[in-house]
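The structures considered in this document are given below.
Below are two complexes that have chain A in common, paired first with chain B and then with chain C.
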Partner chain A sequence: MLKENISLSQLLTLLINFLLGSAIVVGVGGDAKKDAWIAIAIAVLIGLGVMLFYYFIISRMPGKNLFEIMEFCFKRPIAIMLSILYIIYFLYLACRVVRDFGELIASAILPSTPIEIISLTICMLMAYILYLGLEVLGRTSEIFTPYLFGFLFLLTILLFASGNVNLYELQPVLGDGFQPVFKALFPTLIVFPFGELIAFTLILPVVTNFKYCMRVSLLGVGIAGILLLFAMFLMIVTLGVDVLLRSNFPMLSSAREVSIGNFIERIDALVVFIMMLGILIKGSVFMFAALKGLEYTFRLPYRYFSLPVAMIVTVFSILISVNFGDHWQEGLELVPYYLHLPMQFGFPSLLLFVLILKLRKKKSKSSTKEMKF
Partner chain B sequence: MSILKSLLKMRKKKELPIQIEEPPDADAGADLKTLSLEQLKEKIKDEFGSTIDLSMDDLKTEGKDALLVYLTSMVDTKQLKETFLQSLSGKHDGLKLTTEDDLKSLCKEKFGGAGYQLIETFNDIITALLFGNIIIVFKDLEKALSLSMASSEDRSITEPSTQTVIRGPKDGFVESISTNVSLLRRRIKNRNLRFEKFIIGSETNTSVYIGYMEGISNKKIVEEVRKRLRKIKVHAIFESGNIEELIADKTATPFPLALNTERPDTVAANLLDGKIVILVDGTPFVLLVPAVLVDFFSIAEDYYQNFMMGSFLRIIRYLAFMIALITPSLYVGILTFHHELLPTPLLLGIIAQREGVPFPAVIEVLIMEVTFEILREAGVRMPRAVGQTVSIVGALVIGQAAAEAGIISNIMVIIVAITAIANFVSPTYSFAAAARLLRFMLIIVSAILGLYGVLLVLVFIVAHLSSLRSFGVAYLSPVAPFIIEQQKDVFFRFPFWSMRQRPAYLKTQNPEKMPKTGSPSPPPMKGERAN
Partner chain C sequence: MKRYAFLAILIQVMILLSGCWDQRELGEITVVTGMAVDKGENDKYVLTVEGINATELNKQTASGFAPSIVYGVEGNSLAELAYKVNEGISRHLIYSHMRTLIIGEELAKEGIIDFIDYLERNREIRDDFNILVARGLRGADILRVTYQFQKSPSLKLHTQLDTMMKDWGGDPGVRMNDVIRAWTSSGREPVMAAVTILGDPKKGLSSENMKKVTPDALVILDSLAIFKEDKLAGYLSLEDSRNYLWIQDKIIKTSITVECAEGRFMGLRVYNTKTKIKGEIQGGQPKIDINIRAEAYVDGTHCNNQFDKAKTFFECDRCAEKHLEKLISGTVKKVQEEYEADIFGFGEVMQRQDYKDYKPIEDSWDEKFAEADVKVDTTVIIRRTGIRTKSFLNEVK
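Let's turn to the complex of A and B:
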């Protein structure tokens, strides 16, 4: 199998795009109402911890990814069973991401185009990128990330310049106490988007210069968290909390507010660009994680699977829910408890526990061996 | 004395010292010692058949029978008659040509420095003849004398026709490979500049040279170039484009994976950066490998003018490339799907103009773009004498009349014009061609999926670009993979003194171009302390 590597800067941009991905599309932390930004700020801190947790698992055995570590801990048959679970989990998440995007495009940009076409086209693109390999994914995200910052900056300037910003919308701070903030925080905000970093357990092992990997990944989570916080702040102060909660795509709604001199209006396209890039990276990373699982299970290069898997994601992105409301409810009420918590924290904690035990055993064994000589 | 004069004359024409690679030869051919002069004559006649440009004369020189063979079409016959024959058929001074040593001393005495060679097999004779040498075979001697006397009838050095500059040297490469090599050597007077010769094309036997800087170029890349050139098995090479396609890492791409140029200064600068040049006999276009995307946007003139202006023009070039690529598809996408993106007055204006147009936007764009491509092709191919006609027909009849007849809208004419002009900005023709092709793909997708489609295709193009490699070097370096040091020469051109590093992605043997000097500064004024 081809050895491929991504650089630290590519890892950084992948992380930023991944975390912004669908979180910026649908808006997170809505439960906390006006204090969503506080909830996000706390979530970022926890997110750093989550990243450290995954990094800690990977750094025990450098160069091995999640599935290979499973094999080390539980032997191959059980590892295959677990990896099949994870493959399905990652594919489901990819479907959710694609569905989010499909709904966004279908409701905001191309109302008369069937959502299946949107899903199909974006999945084909992901399949092409993944067929070319992880390096290409890294480089693509590296090239587009500056534009992401540029557009976000531009959007901010335009929103402030057009006078839509009302900072009093933030008041009263913590008007209802900490209760709503905690409600938003746990588990929704922690598992989405930060818990989803579990997919990076397949990417971290192939980063060159693993030494700086921890610093860079924490930096990535930090930057993405700050951007997310900033985006939430921007949405609250432009829309106000009532419109924010009623809006399916708050970022898009706030971009529509921009109007300068009757000339710069309706800059939705910019926002869609930000979102599309994030979705593309996030979907691709999930698909890559699933492909890696397939590679591990079938011992075939993952490129072979990219197109079939993309087709599966296309179909199931449509089939997972009947409409957007259903999709939304599923994502907020079911997935965090029954999927995210066990897959993001349950199994990995178990894995880490066994891994540490095994490593200790191995160490003592090898040290006794050394004693003999 | 006449000999001396002729030698001096010949020395001027002498070819540059070039390491000759032995062409792979299956059978070495018959030795000369087994053939008498008559037999040899017959055999050469057999090989060449009844071609009219083969000349075989019997000579008697130094008291010995000899045979002079050459191709009249390849040899400078004037030089041959005036100088060489006079000197050789003159009075001999008692020298006897009986052994090989006699021949050697004769050569040393009379042709020393004239690039003579002693050859002994029949196949060598044939090859030497084909490369414009004259062959003298002496009776009863095992070796024949081969003298380079290739006619030098080629175009004089003129200004390059494709890559013109305002400020900068005005000489360009010509068809003759030895002239091209000398143009390079004159710019880089350095013993580390090396050239190697390859003979490619089983029928054409075309000379292909590679040149590189020893001690700078990455040895692995040089070896890779050699390997790929050796692997080529084609019957004919007429242009460096043939070579480019045969040694590229990937052919299924619209983007050129080798930089071609007509300018010796560009080549010299790139050689010193660690690139490798491939010269092909018979064409003024030379190749530079490995090429990365940013090479196609930077030209030699960027470095000859103020760095601010250089940076500005470079940004303009990137912008123009984007305009050439996406303007028509933006027009289609916005008019078909996203009217709301346009300010209302502008939208009303466009709609009013399009009122009489019977086609949807995409058909309108395709008609105009195809028409323009046809006009452009006609402009290149037509005889120069009818040039005026085409431009009049193109500009007036098609542009204005089509708009007046209500087939296309006026704004469409503007868009096609902007696209076309922006496309001409690209300094390398082969790279602009990629934009021409991809433009059509973008137009069609944007007609189906609007701006979302445009973004989709743009990401697709970027993914494709990041998968490309040129001799193992990522095509998008130094942007992705990102190398911070090289950003001095990508979108901006930093001041000359600050660009001290060779491109890191080439992995050169010596990464530093020059010592750290700092910005030039004026001498200290009176009372000021010099630091």
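Let's turn to the complex of A and C:
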């Protein structure tokens, strides 16, 4: 197996794109209505905590990923069972992400193109990227991230310039108190997108310069959080909270508002690019996480699995739900409670607990050995 | 092996690059520029679309045929009708460049909320078209009146309203989203511009109408339609429509006529204005302060004002302020008394500025609005007087 490394800057861009990914497509924090931006601001702080939590697990045993730590804690047979659970979890999330993208394209851009084709093409791209390895994924994300910033900046300028921004839409701030904000925070906003950082427990160990890793990953979460916050702010002030809540893809709706002098208009493509990049990276990261699990389980290089797994994701991205409402409801009502919470927080907490106990035992053993010498 | 790989790539490329399901060649489409929705005889709606004849709009290729085709079909949902129109029109219709939506008066009186959902939901239709009421007419009639400079009736209307809004402010500049926002908000009722036909609608049909100096039929901006919920409640005059815009802080430029002496008037061109609204609920009664600050220049006067003294400017300022105050409060009072519909969005102001007191009366806001105590405070600053100081009238009279 080849030893792979990604640089710190690649990790940073991966984190940013990953967090923006589908969160910017579907819009998050809607429960808090006008105060969605406050909810996101708080969520970013909690997100930093979540990142620290995963970093803490990984940093106990540098160079080992989540599955290898599991083996250390529970022995291999149990670790394999657990890793299969995680593989399914990551693949399911990859399916959801691809489906989000498919729905976006099918309902807003290419209505007569079958969604299967859209899924297939993006999955083939992911398969190719992952076949070439994590380094290629890192480089892809590194190259395209400046465009993301550029387009977001351009979109902001255009929205302000076309006079669609009504800052008064934010008022009254906290009109109904903190109640709705908390409702949006727990658990929806915490688990999506910040809790999904669990996939990075498989990427963090291969970063060069592991000692700066914590700083960089916190920085990444911070930047992505600020961008999310900003995007939410932009959507509220251009659309108004009412339209925002009724939009499937609020970011796209707000881009459609741009019209400067009947000349610069219909700039949806900018937003679609931002979304496409986010989805590509996010889907690939989830798929990579699942591939790593397969690598651990079967002791084969993960590249071999990339195409078959991508095909599975293609098929199941279509099969996970029969219609858009189904997809939506599943994502908001079931997944956060039954999948995200246990997989993102429940199990890792247990793992950390066992890990600390074992490490302490080992340490005391080795220190007693030293005493004898 | 290499050969198989090549073959595999070839097949993939063939599948992936063979094109897009959604492609439409330019020769297969007709661009829809205007749409009119009316009450149907048997079914709920009649949808009339105006598809342009692109060759007629180009001066070099025009050959004197009608610039557009207007055709209507009847049915119960716009979603179906939008495609059923092809029973009379040959090409695929493209709705994304629609500029005008006209609603017949009859339908507007019965309620229009149902079909707007289609327009909002549809991915192709964007929120950049004017939404109008045809006063006293069917919307389809408006689409059938030709005009000489811009041959397509709906493009003409769009430009006309835009220009009007920028120069004087009679068109409220309402787009579909504004209407929807007004519906969903408890503190605002929607308005739309109302247009009508001057002359004989039947004669407007042909391109002969374009060849006359004074056309037989001309679509004019008539008034401001006020809605209560989704039903047409009545009309306000164009003057009121301008004042409405002023309260909304949407005036770009406008002109006002101030009586400077008995029977003599002074024209002021307002080129910079800002409106601030403050709202508060005191003891159950809403109190609203409208603060307008306007900069203007003198654009013609009948009075013998000596515009080389600062004092004269100040006097004229005061005079204009009084006049403006009367205009604005007159409009507000009229709406309060006749319609009890908060078209100005004072309720939204309350919601923003006094949320706690507004919450309990949210549902009965329109009644509260009718009782609201509205104060108008104006500041007019006349900065300059064109390219003359004293008027020559001074020496003649």
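A few notes on this one:
FYI, the second predicted complex is superposed on the first by the 373 of 373 C-alpha atoms of A that agree within 3 Å, B and C clash if a C-alpha of one lies under 4 Å from a C-alpha of the other, contacts with A are read in each partner's own complex, and residues count from 1 in each chain.
Heads up, the rule we're going with is that a residue touches a chain if its C-beta (ideal position, glycine included) is under 8 Å from a C-beta of that chain, and two chains touch if they have at least 3 such contacts.
As the structure is a computational prediction, the values presented were derived from the model and not from experiment.
Once the two complexes are overlaid on the shared chain, A:Thr121 sits against chain B and chain C alike. By the touch criterion defined above, A:Arg139 lies against chain B but remains apart from chain C after alignment on the C-alpha atoms of chain A.
Legend: residue contacts after superposition of the two complexes on their common chain; A:Thr113 is shown touching both chain B and chain C. Greater residue coverage of chain A by touch, when chain B is weighed against chain C, goes to B.
Once the two complexes are overlaid on the shared chain, A:Leu82 sits clear of chain B and of chain C alike. Judged by the touch definition given at the top, the superposed model places A:Val25 against neither chain B nor chain C. In the superposed model, A:Glu265 lies in contact with both chain B and chain C.
Contact with chain B, but none with chain C, is seen for A:Ile129 once the two complexes are overlaid on the shared chain. Across the two superposed structures, the residue set of chain A contacted by chain B and also by chain C is 109-110, 113, 117, 121, 265-266. Partner chain B is touched in their complex by these residues of chain A: 7, 9-10, 105, 109-110, 113, 117-118, 121-122, 125, 128-129, 132-133, 135-140, 142-144, 262-269, 272-273, 276-277, 280. The touching residues of chain C, counted against chain A in their complex, run 16, 20-22, 123, 126-128, 177, 180-181, 184-185, 351-353, 355. On chain A, the positions that touch chain C within their shared complex are 107-114, 117, 121, 168, 171-172, 175, 240, 242-243, 256-257, 259, 265-266.
Residues of chain B touching chain A in their complex: 337-338, 340-341, 343-344, 449-453, 455-456, 459-460, 462-464, 466-467, 474, 476, 479-482.
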